[in-house]
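In the two complexes that follow, chain A is the common piece, with chain B as its partner first and chain C second.
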Partner chain A sequence: MDSPSPFPPASQPSPPPRSSAPRLVLRGVTKRFPGCLANDSVDLVLQPGEIHALLGENGAGKSTLVKIIYGVLHADSGSLLWEGEEVTVADPAAARRLGIGMVFQHFSLFDTLTVTENISLGLDNPGPMKDLAERVRAVSERYGLALDPGRHVHSLSVGERQRVEIVRCLLQNPKLLIMDEPTSVLTPQEVEKLFETLRRLAAEGCTILYISHKLEEIRSLCDRATVLRGGRVVGACDPRRETARGLAEMMIGTELAAPVRPPQAAPGAARLQVRGLSTRSADPFATNLKDIGFEVRAGEILGIAGVAGNGQAELMAALSGEEPSADPDAVRIDGTPAGRLGPKQRRRLGLAFVPEERLGRGAVPEMSLADNALLSGYAREPLVSGGMVRHGRARAYADRIIGAFNVVARGHGAEARSLSGGNLQKFIIGREILQRPGLLVVGQPTWGVDAGAAAAIHKALIELARGGAAVLVISQDLDELFVLSDRIAVLFHGRLSDSRPAQETSVEEIGLLMGGMFGNGSDGGEAAGNGETARAV
Partner chain B sequence: MTELALLGPILAAMMTAATPLLFAALGELVVEKSGVLNLGVEGMMLVGAVCGFAAAVTTGSSTVGFIGGAAAGAAVSAVFGVLVLFLLANQVATGLALTLFGIGLSALIGQGFVGIPLADLPELNVPGLTDLPVIGKALFGQDALVYLALFMVPAVHWFLFHTRAGLKLRAVGENQSAAHALGYKVIGIRFLAVLFGGAMSGMAGAYLSLSYTPMWAEGLTGGRGWIAVALVVFATWKPARVLVGAWLFGGVTIAQLHIQGLGIEVPSQLLSMLPYIATVVVLVVISRDVARIRLNAPASLGKVFHPDA
Partner chain C sequence: MSLFRLEPRGEASKTMLYATPLLAVALTLASGFLLFLALGFDPVRALHAFFVAPVSSLRGLGELALKATPLVLCAIGLSIGFRANVWNIGAEGQLTLGAIAGGGVALAFYGEGAGWWLLPLMMLAGIAGGMLWAAIPAFLRVRFNASEILTSLMLTYVALLLLNYMVNGPYRDPDGFAFPESRLFEEAATLPILIAGTRVHLGALFALLAVAGGWVLMARTFIGFQIKVIGLTPQAAGYAGFSQKRIIWLCMLLSGGLAGLAGVGEIAGPIGQITPSISPGYGFTAIIVAFLGRLHPLGILLAGLLMALSFIGGEAAQIELSLPKAITGVFQGMLLFFLLATDVLIRYRVRFGARRAAA
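Let's look at the complex of A and B:
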């Protein structure tokens, strides 16, 4: 655990001299929700000018804790000391008056309003719009966060949206800036830019509370880390002196078993062929697909990387049959033209799919697991006969899934929404895999899923592929794609790059493609040298 | 020359026919911009109409009547607001119930007021201008309420798009959870918007019973509340387009009356259907333009808001 990091610590200006009182102290903060103890007497000390990581799995209580600091939630017991004085943070406005700013994980932006209007909403005394637009321009230039104040937010990329949030915080000259999972939607190059900004802020004396479960990032950025598990502080350390594996084991509390990927046998016949797939949506917020072409062979996993909003949702809908295309040959399943078929017919051809949204698309939240098993299982399992539902068989099928995939639930009668994200995702993926599909399309398989469940899901996907199925994974998580994929392609602005073997590419190269630098694909490696990111395996 | 002589009164009548639609639709527009769908406009208009009429007859003052109508509309909308915002009832069902409730309540209150005549409101008379051919009466010979309704168009636009309060209201309607996370009182802002919408519906009703007819009869509003709701979509949530829509529907209403008056051989029932058919046709045409709807429609419209979720 104490083996020295192979990474040189990030070049870090030494923090300014510390005043006597820490910036923020939490003492014994406890928050209980019905059925769960989200924070169990948490203690935390934040010093001026430090970048402090809050580490933990999903459900460890990180988000609850920062919402308490920012006044969105109120602690049941415990106290907050701001610069040595006990305070109660009644609401976010009170937090902002103290000098606390927060960049949310799911951006709190308004699509149809302009950048300036959005920023104005986050300030208590924004002043006239014209002056504010000037200030926005000044701050964004000073910190290298290019922004056009007059643009509508819906026309911005995800990275630009995050800049709006950050500039909104910076305009209040915060003394404490909370960043909740800020990099989950950024390309590696954008991450590096963000880190430069954060280091600069810290050097100016601002405290940064950085929440993430991406260990390499924390190791390169943060001075200190506090680890939460099950709502409790289970450790504190200097992340620059720990290995990623050590941090991960602190987070999950047990040893981490990385999925093993057996070498790929010679790829078989193409099971999914996509040719000249284009879409035209009337929805101005949608991304149109432009001449997408690829194939996935039996026994292989193709990963599609890309920042959210570059056509992932549209590609998923076009492949599942939710949005059939006009050309029957645009999508072929095992050689059969399927472009004009709906989801049910495609399922009969052997296609199974797991959409990105678990609740509402992958499963009906209010329905039992047995009924949810029926929803897609009826196409290939004998769960319906003569138009009548065979409830007994549906329940038995649900039980099989629960058993085979270690789903923690109160049995087949449990409502889908009562399951944790990881367990529901295991159930949904199990529902598809147990139908023995020839072809599986998965969107964001482990988004918001804890590390244990993620490892189980990765293992199941690899086994499915090695058993002769073709698997397509669409994900924004590059680490995940490198674990799973035999080949990786990148979606950008509705276009798909050529795929390249995962072993012959790097995070940097894929990162450049994610930023739209398609080129010929040969000069990617050179340019990657400039965008050093904090990832490596 | 008969055509031109006819055009003057038609234009003037169009302005008056458009006035109740303007009041009600502008009110509903503000409500929907805050993210609440209130389908009870027809009911609130009826209660506003009968209460305004009763107040005017009892006190002898049209001003008191008009204010009374607005207050009654706001009071009915407060019931709706409590149900959907604090008790989290379904907005569509509650709105429909509000209309049915308003129909019954207005009939009950209005029992003693059927058939009582009321003096016309004074009309503007600017020597020279009012006597202008064709447009004189339409533009310079109306009563105060017509001008008030017209004034509300820029007023609502200015409020929504140029004040901070309006920005907050739009933010709440666009993304309720983000607004909450930033510390805005989603429910409080929506409740005020609902009250404003109720008052405007009440004014629309009061205009009908004090000036347009002027008398009270059961079902006086004749479906104008529904047209107002449709007008908001027609206008893609923009006040200036509400004005255009209100004139269009007012014009169709008046035109069918005059066609009947001219004795053209069309069944009168068919002509009476015209404004409603026009509503359906226009809505279908507008809905085809998904882009415009997406860019202007409040994204949280009709969604129930739980502050703790």
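Let's look at the complex of A and C:
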């Protein structure tokens, strides 16, 4: 394998010619989809042993580009040079034969199969299961990816599942490993471990193409960065020499206004009180909530951190009223017992709600924005009278949202699915905020949202709280929680930690809580044990 | 490399949404042409006998409206359920129960000089009968999550057996020489004829009202909005606080009621008594009508007329060309087949030639 090459100077579109052939060169790669130019004559050079960041907002064309490299999509024009030779990557199997591996953002694992069985399904020639298990063990030890080959995938944490995907790639001795947003589901400690593995791989000569929008991570991990905007390469740089802010501005092409959080006034009365909230789900893979208790006061933002799958979905459903509780006092909205009420009655009490899945829960993809304004707006806005929909008013309400939140769309007639993630999220949050809620519950407000929209969303949430509403943010993005929250609590295996003031805690402390280290060690262990039982039932 | 391939469209084609039913009709006619040719008939004359001759007179047009009436009534109800992912396949059974209930009222007041109120009472009984039959799958779905596709379909056969029992037992005409038929209904229990010289009866007006009502429900009311949201994205409906159970009940009862009305319309209209065979499969054909009409009330009206034509054309073909009764089913089947096949074009476009070489 080649040794790591020296880093080219920063801020040059293409590196100077060198003696050894680069691992992969893309020349003028163009891909057009109906109605959009996803990649416009993209040039990219990947050297052996470098960790190369591909940066860009949602819709900038990052995913399309890596799918072309991995053979999932085919370029309309342009060429790929693999170690100096022009190649055609017909499909992912061909990419794997060349030595390209990819870890997707969404895992493709079977819950009911073991680690080894899952890995064998993804290999072109897995060989006998026993030998494979040995190889899995060897590779995982070598790269510090602790993994038991015999365990069933459903019993693994999200971080462990990702390791399965990485080990699957490593078994094929890749020369190029593509990682698509790998850290969105990991705790800070897990992220650090992943980075160690990636650095070790790079030191051995493997090239890593790292896709992310988390700028701090890119600055600490990557040697080079290529920035995409609107399908074109708009810059290349050494991320270690740039500030996160500078990178963000390259990404969005304008200056970025960071949200300013004015000091919190004395918090008012509790607008949301949760006491002794527990759930028992019939779904064996659901996480049961155990004795959750917290309150959110007028004027404050409470953040709930946690790795996905620790009860966030169940807590959201219990708060929205989609899964009402048997105990009316488990949830109180402005003092009124609401535990047994459904979503509509809770909305009438002043609750507004932004679910994690914006397309498919927060909005109906095939419906117009006017209809989507009606979806939750009917409860608190005069959009329905005598059982008839006032379509004119629904359109006007959609227009108000579009105007007030700078939603880029063809107007109130545009289908929800035609909007970018950021614009749809602005629309949904706008729809909820314009109902003047006393209490807003938001799940993953800026997940997969571009930096510009994320800043606008954060600003809107802060303003809403400072205006006297109570805001609850459930997110896996710690940076976001520290920007937004007055207090932070952590959800782990269905239990909620005590909340801490955001100024008095640190990413490390919250990270430990996300791994289950609640106060004393036994608490976390016990919670984990309950989690196992819950699954077994 | 293949000769042609399908390429996904970015957005569903609105043109194709309306063009594919026409395309399906054209392909059905073309296949019919080949079919008749293969059977040794003059295809032009045969298609003329099938599709044109039957509607070349006022009487023929009346027959068309007569057959379309139950189809449209059933299809409007079914289409509303289909929009909410409530798959009532048992309209035939609900139609049968409507006839049993409505006919029972007619027979109960036989010979007692009933007044104007008898017909409305029969209609209400028919609607109630259809609703009752649809309530069973609705309950099983809501309470036990049993697939309404299976339960409603199976109840159809129960309903047909029940009808057979009734005409052989309680409903049998005491003066009818033991034939399995009821008495002929009295004047007061028969729907008035709308157009002289035809058999078009008041039920046709009900069908038109159902079309208008269906349109208002889906396009204007909040209930219609909830039905659409549940059908498209059940999670969004849960998020918004729409009750799926309520909508299932509503859709099943509505489609059952309309099918029941269609059933009582048949026995109080063209048949005039209860016989063992009140419907040549209107309830099943209505499923095709609903999809052919794109689940839209106006589309259903047109599709209902088209399918009615296949019924009377099939009858004409039996008489004129001595073809077997199955010819009706063949044409209806081809139509549905081609419609489903061409529906691919809404989301995909056809590209000819091999895929461009990857760069």
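The criterion applied here is as follows: the second predicted complex is superposed on the first by the 500 of 537 C-alpha atoms of A that agree within 3 Å, B and C clash if a C-alpha of one lies under 4 Å from a C-alpha of the other, contacts with A are read in each partner's own complex, and residues count from 1 in each chain.
The working rule: contacts are C-beta pairs under 8 Å (C-beta built on N, C-alpha and C of every residue); 3 or more make two chains touch, one makes a residue touch a chain.
Every value quoted in this text rests on a predicted model; they were computed, and no experiment measured them.
On the superposed chain A, the positions of chain B and chain C stay apart, so the two partners fit side by side. The superposition of the two structures on chain A yields an angle of 40 degrees at the Cα centre of chain A, opening toward chain B and chain C, reported in steps of 10. In the overlay built on the shared chain, the residue A:72 is in contact with chain B alone; chain C does not reach it. In the superposed model, A:389 makes contact with chain C only, not with chain B. Using the contact criterion defined above for the overlaid structures, shared-chain residue A:283 touches chain B, although it does not reach chain C.
After superposition on the shared chain, chain A has more residues touched by C, the comparison being chain B against chain C.
Residue contacts after overlaying the shared chain place A:113 against chain B, while chain C stays out of touching range. In the superposition on chain A, A:362 contacts chain C only, with no contact to chain B. Closest CA pair between chain B and chain C after superposition: 5 Å apart. Within the complex formed with chain C, the residues of chain A that make contact are 29, 33-36, 74-80, 88-90, 320-322, 342-345, 347, 353, 355, 357, 360-367, 371, 374-376, 378-379, 384, 387-389, 391, 415, 418.
Only residues 9-11, 220-225, 228-229, 232-233, 235-236, 238-241, 243, 355-359 of chain C touch chain A when the two sit together in their complex.
Of all residues in chain B, those touching chain A in their complex are 164, 167-168, 170-171, 174-175, 177-179, 181-184, 290-291, 294-296, 299. Interface residues of chain A, counted against chain B in their complex, comprise 71-72, 91-93, 96, 104, 107-113, 117, 120-122, 126, 154, 282-285.
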